[in-house]
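In the two complexes that follow, chain A is the common piece, with chain B as its partner first and chain C second.
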Partner chain A sequence: MEGWDPNTKSTLTQIPLLTRKAGPRDGAAWTQRLKEEYKSLIAYTQMNKSNDNDWFRISAANPQGTRWTGKCWYVYNLLKYEFDLQFDIPVTYPSTAPELELPQLDGKTQKMYRGGKICLTVHFKPLWAKNCPRFGIAHALCLGLAPWLAAEVPILVDSGMIKHKDDTATTSTES
Partner chain B sequence: MDDELLELQRQFEFAQQAKSSIRLSERNVVELVQKLQQLQIIDFELLHTVSGKEYITLDQLRNEMVSEVKKLGRVSLIDLADATGVDLFYVEKQAQSVVTEHRELMLTQGEIMSESYWDSIAEEVNERLQECSQVALTELAAQLNVGLDLVASVLEPRLGTIVKGRLEGGQLYTPAYVARVGAMVRGAARGITVPTNLTAVFAVAQKEFVDSFFSQNSFITYEALHKLGIPQPIQFLQSRYPEGKPLVTTFVHPSMIEMLDASTEDALDRGSWSDSLSLLPSSFTPQDASKMLSLCQSVQNALKCHKAHIFGDFYVMSSSFIKDICDRIVKELETLGVSGSAGITMPGDFQVPNEAKVGHDSSRLNESNEIMASDGGANRHADKGSKKKKGKSAGNAVANLSESGADNQEQTSTKSKKSQKRGKDTSSQMSVTKTGSRKESVKMKEDNLSPSEEWIMQKITTLVSDFEEQGIDDPETILRPLANQLRPTIISSWMEKRKALLTNNAERMKRLLDNLQKKLDESFLNMQLYEKALELFEDDQSTFVVLHRHLLRTVAAPMVDILLRNLDEHNKLKNGLEVQETSNSESVCLSPGDRTAICKSFPGSLASRALAVVEALEGKSVEIFMAAFRMVTEESGLPLKNLDKKLERTLLHSYRKELTSQVSAETDPVSLLAKVVSLLYIQVYHKALQAPGRAISAAISHLKDKLDESAYKILTDYQTATVTLLALIAASPSDEEDCASDRILSKRELLEGQMLHLKSLVLSSSQS
Partner chain C sequence: MELELKELRADLQSLTQSLPDPSHHALLRKIQLRVEDLANLAAAAPVRRSKVEDMSAEVVDSNPYSRLMALQRMGIVENYERIRDFSVAIVGIGGVGSVAAEMLTRCGIGRLLLYDYDKVELANMNRLFFRPDQVGMTKTDAAVQTLSDINPDVVLESYTLNITTVTGFETFMSSLKNKSFRPDKQGSGVDLVLSCVDNYEARMAVNQACNELSQTWMESGVSEDAVSGHIQLLIPGETACFACAPPLVVASGVDERTLKREGVCAASLPTTMGVVAGLLVQNTLKLLLGFGQVSPYLGYNSLKDFFPTMQMKPNPQCSNVACLKRQEEYMLAKPARDAAAKAKMEAEAPTEEGPLHQDNEWNISVVDDIELDIPDTRSSDVLPEGLTHELPTADEFHKATLDAPVVDNDDLEDLRRQLEAINSA
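And now, the complex of A and B:
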C-alpha cells in the first residue's frame, strides 16, 4: 500500500469490499456484482459526504451498467474546478480496472492517454490485481482518480492550462 | 433489470444528492478570517490566544479583564494573561485603557485593583483596628504587599466612614485609644502635682512581682527577693504563702514537689533512675533538689523500704536498677576471670598499686592485706593455702607458727624477712610479680582493692549509656557513690565465684603435682644412671660430646617437656582458669620455641630458671642441664631423688634384664648391635650407656681391654659389616634391582648369619 498518502489509505480501507467475481458478460452474476458495486459506491459517497469531501457524481449510462458518466471536481485556491467523467466497464472486469476518462482535459497534460484516459501510478495496477475481485468502481475512483486530481489540477491551474469558469468572464488579479 | 438493482440505483442517486455536511478545517477558517480582513469586512484589530485556537477582539479582551478584576477584586496582569489566554503583551497594553475607561479600577505595579476590593480591605482593617486600638500602616502595606503611599491614599478617603479611626504619623488609632491615652496623660499630669507615698508603691510593686512570679513558676529564689529589697525572704514568703516550702536557696510551691515526687516515683516504678536536678528549673541547686527529695512522700517511702537510693544529693535510683547494674558487672567480671584472655587490659589505675607492692613496700602490703583479711580472707586462704601447702618446706611452717595461721599474714612476713629460705621467697614472689594483664587484674582483686572504683565507674558508664547521653556534667557525682555502693556486692559475689573455681582447681592441682612427681622421679633417676656411663669417655673428647648430646636429646628432652607441660597446667589452675584435662598431650614433643614460650608464661624467677633448663637442653653438657633442672623442680616444690648405690643397682639390674630380653628377641641385625654394646657395657662396666650410632665404634673400642680376643673380633667384624651395610643402603640410588641391591642383600644375609654369634656373646656371658 505504499505510494499513497495516509488519507487515501485510511479511506480506501473503509470502502466495503466486493466478493463476486463477474464481468459484464456474465449475465446474472454481473447483476449481482453490479449490486455490490452500488452498495460499495453508496458507502463511499456517504463517507465522503460526512467528511465534507464530496468530489464526484456518477450514474450508470446504460441499463447493463457497463458505461458510467458523471462529473468530478477539485477545489484549489478556494476555487472549484469541475470536469466531466466517463468510463466503461471492460469485458475482462474485474481483472482489468476500468479506464477513467476526463475528456475535457484531453491533450492538456502528459499524465493522460489519448482520449482523456488518466495515467495511473505504477502502484495502482499491482494493488488492483492483488485485490481482484474485492476492489470495485469505488476503489478505482478512490485509488486512481482522487490522487490524480490532487496531483494534476494544481499544476494545470498554475500553468494556466485550465481556467476557472468565473475567470473566463472576469480577468481577476488575485493570485 | 431486477428491482433490487433499481432500488440500489435509486439509493445511490439519493446518496449523491444528499447535502454534504459542511466542514471547515481550522486552515479554512484561518483563511476565511484572513480573507475577511483583506476585504475590510473585519476592520478592527483581532488578537489570537496563546494556544492559537481562538481569535479574540480587543473589546472582548477588555471585557474579560474587567469581569476578572471585578470577580477577584485584585488581579495581577500575569494572572490575567493566564485567565484570558492572551499574550501578556496585549494584556498589559489593554490594562491601561481598561483602567482609564473604568474609574473604579486602578493599576499599580502590574496589578489591577477595584474600589470594591479596597472597600473590603478597609473593612478588614477596621475590624483589626477595633480589636487592637492601633494599627501601623507599614504593617498593612507589608501584609497587602503594596506600597505604603498607596495604603495611605486608599485608606484616607475611607477614614471616618468604613475605617473608624484616625490616621496619624503612619499609624491608625481608634478614638477610644486616643481618649485612653489622653486620660493617661491627664492622670500623669495630675500625679506630678500631687505628692505620692513611694514606700507604699514600692511595697505593692514588690508584692505584685513576687505574686506574679510565684504564681507563674511555682517557685521563687531568695536571691530574687533580695534584689527586690526584701531582707528576710523566708519569713516574708512563709507569711504570704503558708503552704509553700522553703528550700536552701529557693521557695517552692507544693505543686512543684508533687511534680518531682510523681516523676521520680514513675522512674522508680519503671526500675530506672532519675536526675532530680534536671527536672527542676535551672536556678535550683543540688542542695535544693536534695531538700525537695526529702519532702517527696513516695521517695521517702521508697527509701524507707530500700526500694530506692539517693546518690550525689539528687540522683534517685531504684534498687532494681542498681541490682541490674551490679549483676551485669559481676557477669562481666566472670567472663573476664574465666576466659582469662590476655587481650583484656585493666585501666591504668590497677597497675599503680600493684607496682607499689612489687617494690616490697611492706607497710602498704600489710595494710592491704589487713583489708583483705577482713574483706575476703576465707577465699584467700583457700587460694594461697592450696598452693603453699605443697611448695613450702616444713621449716617455713614452723617460722610462721606464731602467726595466726592465716596465709596472708604468712606472706607478709616472708616479704619482710628476705633472708628466709629461697624456695619460700620465690613462691611468694610468684604470687606477686606475675606478668600478663589478666594475672595482674586477678592479683589486684585478691590482694589489693579488688575492682577499683574507677574500674566500676568505667563499667557503669559503658553499661548504662544513659548517664552519658543525658549529658551529666560530672559523672563523678553519680558514678563514684554508685560505684562505692556496688563494690562490696560485686566483690563478694565475685569472690564467691573465684572461691568455687579455686577449690575445684585445688583438687586437680594436687593430683597433677603428684603425677608429675612420679613421672619425674623415674625419668630423673634414669637420667642420673645414664649420666654415670658418660664418665668412661672423659678422655675421648669428641665421643664425650656426642654422647652428652645424645643423652640430652633422647632422655632429657621428653622429661623437660613433661615438666613444662605440667607446670604450665598447674600455673593455669592456680590462677583460677578452667583447664581442659589433657592426658595424651605428653606424647607430643615440644619444639624449642614452644618450650621457651611456656617458660615465659611462668611467674617470676621460675621463668628464668625454666629458661635456663631449656637452654641447657640445647647445650652439650648433661651436668649443667641436671643442675638447672634440679633448680626448677625445687622451685616448683618437686624435690627429686638422688641416685644412691642401692637404687643404682636395682635400676641397673632391671635395665640389664630388659636389655637381655630385648637382645634375645631382636631380629634386625642393625639395631641388635647397639643393644649388644649397651648390654656389654652393663656386664663389663656396670654402667648404662646410651650411645648413638656414630658413637658405637668408640664404645666398642672401649671394650677392647675387657673382652677376650675372639669375642672382640666378632664384635668389630659385626660392626664393620653393619657400617658397610648402612653405607650401601645410604648410597643405593633407588629400589632398582642392580648389583647394589644384590650386595646389600648379601651383606644383610651375612650379618643375619652373624647375629647368633653376637647374641651368644652377651647372652652366654650374662648367664655365666
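And now, the complex of A and C:
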C-alpha cells in the first residue's frame, strides 16, 4: 500500500472484508452482497465512534440499496464543516467503485469532476481493482472520501471558497 | 417571420396614411426603417438545407455527398450508400464523442444515438464542436441542434442519462435493442457502439451492455495528461473484452513521479482529442463499409508520434459472466466460420489481386513488428513497447469464495435497522 498514510492503512485493515462479487443487477446475489455491505458499514461506523473519529452518516435511499445518501464532516481549526454525501452503486459494482459525490462543493474545487464527484488519488483505483470484490462501500469511504476531505477542506476554507455555517458576519452561505 | 414582417409593413403604411398630424410622420418613418433592417436580417439568417432522398454521385456544388460517393468511383469503397442503413451509438458526447458524431453526420450515417448526462460548460471550449452560446444546454441536445443543421438526413436520438446507474443502464440497453429503424436487422438495433467516455466506470458499463447483447463496439480514450490516446475494437467472444485484462493505455513516457497532479483532475487538448476521434471514426468507416484493415488496437503517443498496435484474445478466466458466454458461442461457431472462410477463399481464388494491393508497388507491409497476439495479458512484460496496464489485476482471492454456499442467516431489514440505530445514536 504505497502512497497511503499510516492512519488510513491501519483503519482500513480493521474494516471487515466482503466476499460476494455481485452488483445491483444480480438479484439474490446482490441481496447477499448488500448484507455484507451493511455489516461492514456497521463495524466501520462503530469503530469510528469508539475511536472518537466519527465523520459520516450514510443510509440506503431506496429499498434496492442502489442509491445512498447521508452526510460527512471534517473538523478544521476547531470548526466542523459538514457536507451532503450521495452516490449510486454502479451496474458494474464491485468491479468499479461507487463515485462519491459532494453536490454542495460542485464547481468550488478543481479536485472534482462535474456533478460534484470527488477526484480520487492515483492510488485509489489500482488498490480497489486489486481488492475486488473484498472492498465495499465502507472501504470506498475510508480510502476515497476521508483523505479527500483531509486534503481539500483546509484549502477550501483557507481560500474562502467555503464558510463555516456560524460565520454569518461575512456571508449567509451555508457550508 | 417573412409573413409577419410583410403585414407589419402594411400596418405601418395604413397608419401613416390615416394619421393627419404630420408631426408623427418622422417617428413612423423611423419605425419603417427599423422594420426594413429586421427584414434584411431575417433574409440573411442561415438556411436549413432540405433532406436528400438518395445519395447522388453527381459532382455539383449543391450535392453534399458528391465527394463521399467519389470513394466508390475510385474503388476504395464498394457501396458507399450503405452508410445510410447503419446505426451508431455514441456514449459520451465530450471532446472525442462530439467530434466523432460530427464526422459521422457529415459522412451521412443513417442514425446516431447520443448518450451523455452532462451539460455544456465554458470549461469545454478548449475542445472542438460545442459553441459558447450552447453553454447550459445538455450536451445531447446541443449536439442534436448542431448536427441536424449540418445534415438533416441523419436520424438523431438523444439520451440524457448516466449509463452507470441502474435505471440509466436499463434505458441504455433497451435503446440499443430497439429495431424500429431497420426491423429486418440481425442482432441488436445498432451496428456499432462507440465508447467516448472519460472514465473506467462508464467503460465497464458499456462493456457489460455489449457483452450481454453480443454487440461489437469500439473503445476510445485520451490520457488525463492529454498527450496520448488509443482506440480499441471489441467483438464479444472473439477479442478480449474490456474486463478480460486490466485496461491497456499508451505510456506517455512522462515519469509518473514528475507529473504534477496537485490541484488538477485532468488536462485536455483539442488536438489529441481530434486525432483520437479521427482514428476512431476512420476505423468505424472501415468496419461498416468493409474497406482496408480494421485495427484491433491502435495507440497514439503524441510526444513521440508513436502508434503502437496489438491484438488481444479473450481471457478464458474473465470475471465477466456474459463475456464467458460469448467466448463459448464463438468456439461453437468455429466449424461454420472455417467453412465460410474456405468457401470465400475458393470463390476469390481466380482473381489474382485484390484492389488493395494494386497500387502498393513497393510491397510496403503495414504490419509492424510490435504486433502480437496476447492471449492472457496478466504480466505486463509481454506487452508491446509503449503500452502499459492502467490498473492491476484483481487478486486470486475471490475465485475460492465466489461459489461458497450462503451460510448467513442475517435479515437485510434487521441490518438496515442496526445501521440506522448506530447512525442516530
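We take it that the second predicted complex is superposed on the first by the 168 of 175 C-alpha atoms of A that agree within 3 Å, B and C clash if a C-alpha of one lies under 4 Å from a C-alpha of the other, contacts with A are read in each partner's own complex, and residues count from 1 in each chain.
Rule of thumb we're sticking to: contacts are C-beta pairs under 8 Å (C-beta built on N, C-alpha and C of every residue); 3 or more make two chains touch, one makes a residue touch a chain.
Owing to the predicted nature of the structure, the values given are computational and were not obtained by experimental measurement.
With chain A as the common reference, chain B cannot sit beside chain C without a clash.
Using the contact criterion defined above for the overlaid structures, shared-chain residue A:A60 touches chain B and also reaches chain C. Once chain A of one complex is fitted onto chain A of the other, the partner contacts of A:T31 extend to both chain B and chain C. Within the superposed three-chain model, A:D106 lies out of touch with both chain B and chain C [touch as defined at top]. Comparing chain C and chain B on the residues of chain A they touch gives the larger count to C. Residue contacts after overlaying the shared chain place A:D84 against neither chain B nor chain C.
Of the two partner chains placed by superposition, chain B and chain C are both touched by A:K39. In the superposition on chain A, contact is made by A:C132 with chain C only, not with chain B. In the superposition on chain A, contact of A:S50 is made with chain B only, not with chain C.
Overlaying the two complexes on chain A leaves one chain B stretch of 8-16, 296-304 or 548-556 clashing with chain C, which is 8-16. Across the two superposed structures, the residue set of chain A contacted by chain B and also by chain C is 31, 34-35, 38-39, 41-42, 45-46, 49, 57-60. Across the interface of their complex, chain A is touched by residues 1-2, 4-5, 8-9, 11-13, 15-16, 18-23, 31 of chain B. Partner chain C is touched in their complex by these residues of chain A: 19-21, 24-25, 31-32, 34-35, 38-39, 41-42, 45-46, 49, 57-60, 64, 66, 70, 88-92, 95-97, 99, 110-115, 119, 122, 125-126, 129-134.
Partner chain A is touched in their complex by these residues of chain C: 117-119, 121, 162-166, 169, 199-201, 204-205, 207-208, 243, 246, 256, 261, 263-265, 319, 391-395, 397-398, 401-402, 404, 406, 408, 410, 412, 415-416, 418-420, 422-423, 425. The residues of chain A lying in touch with chain B in their complex are 31, 34-35, 38-39, 41-42, 45-46, 48-52, 54, 57-60, 63, 65, 78.
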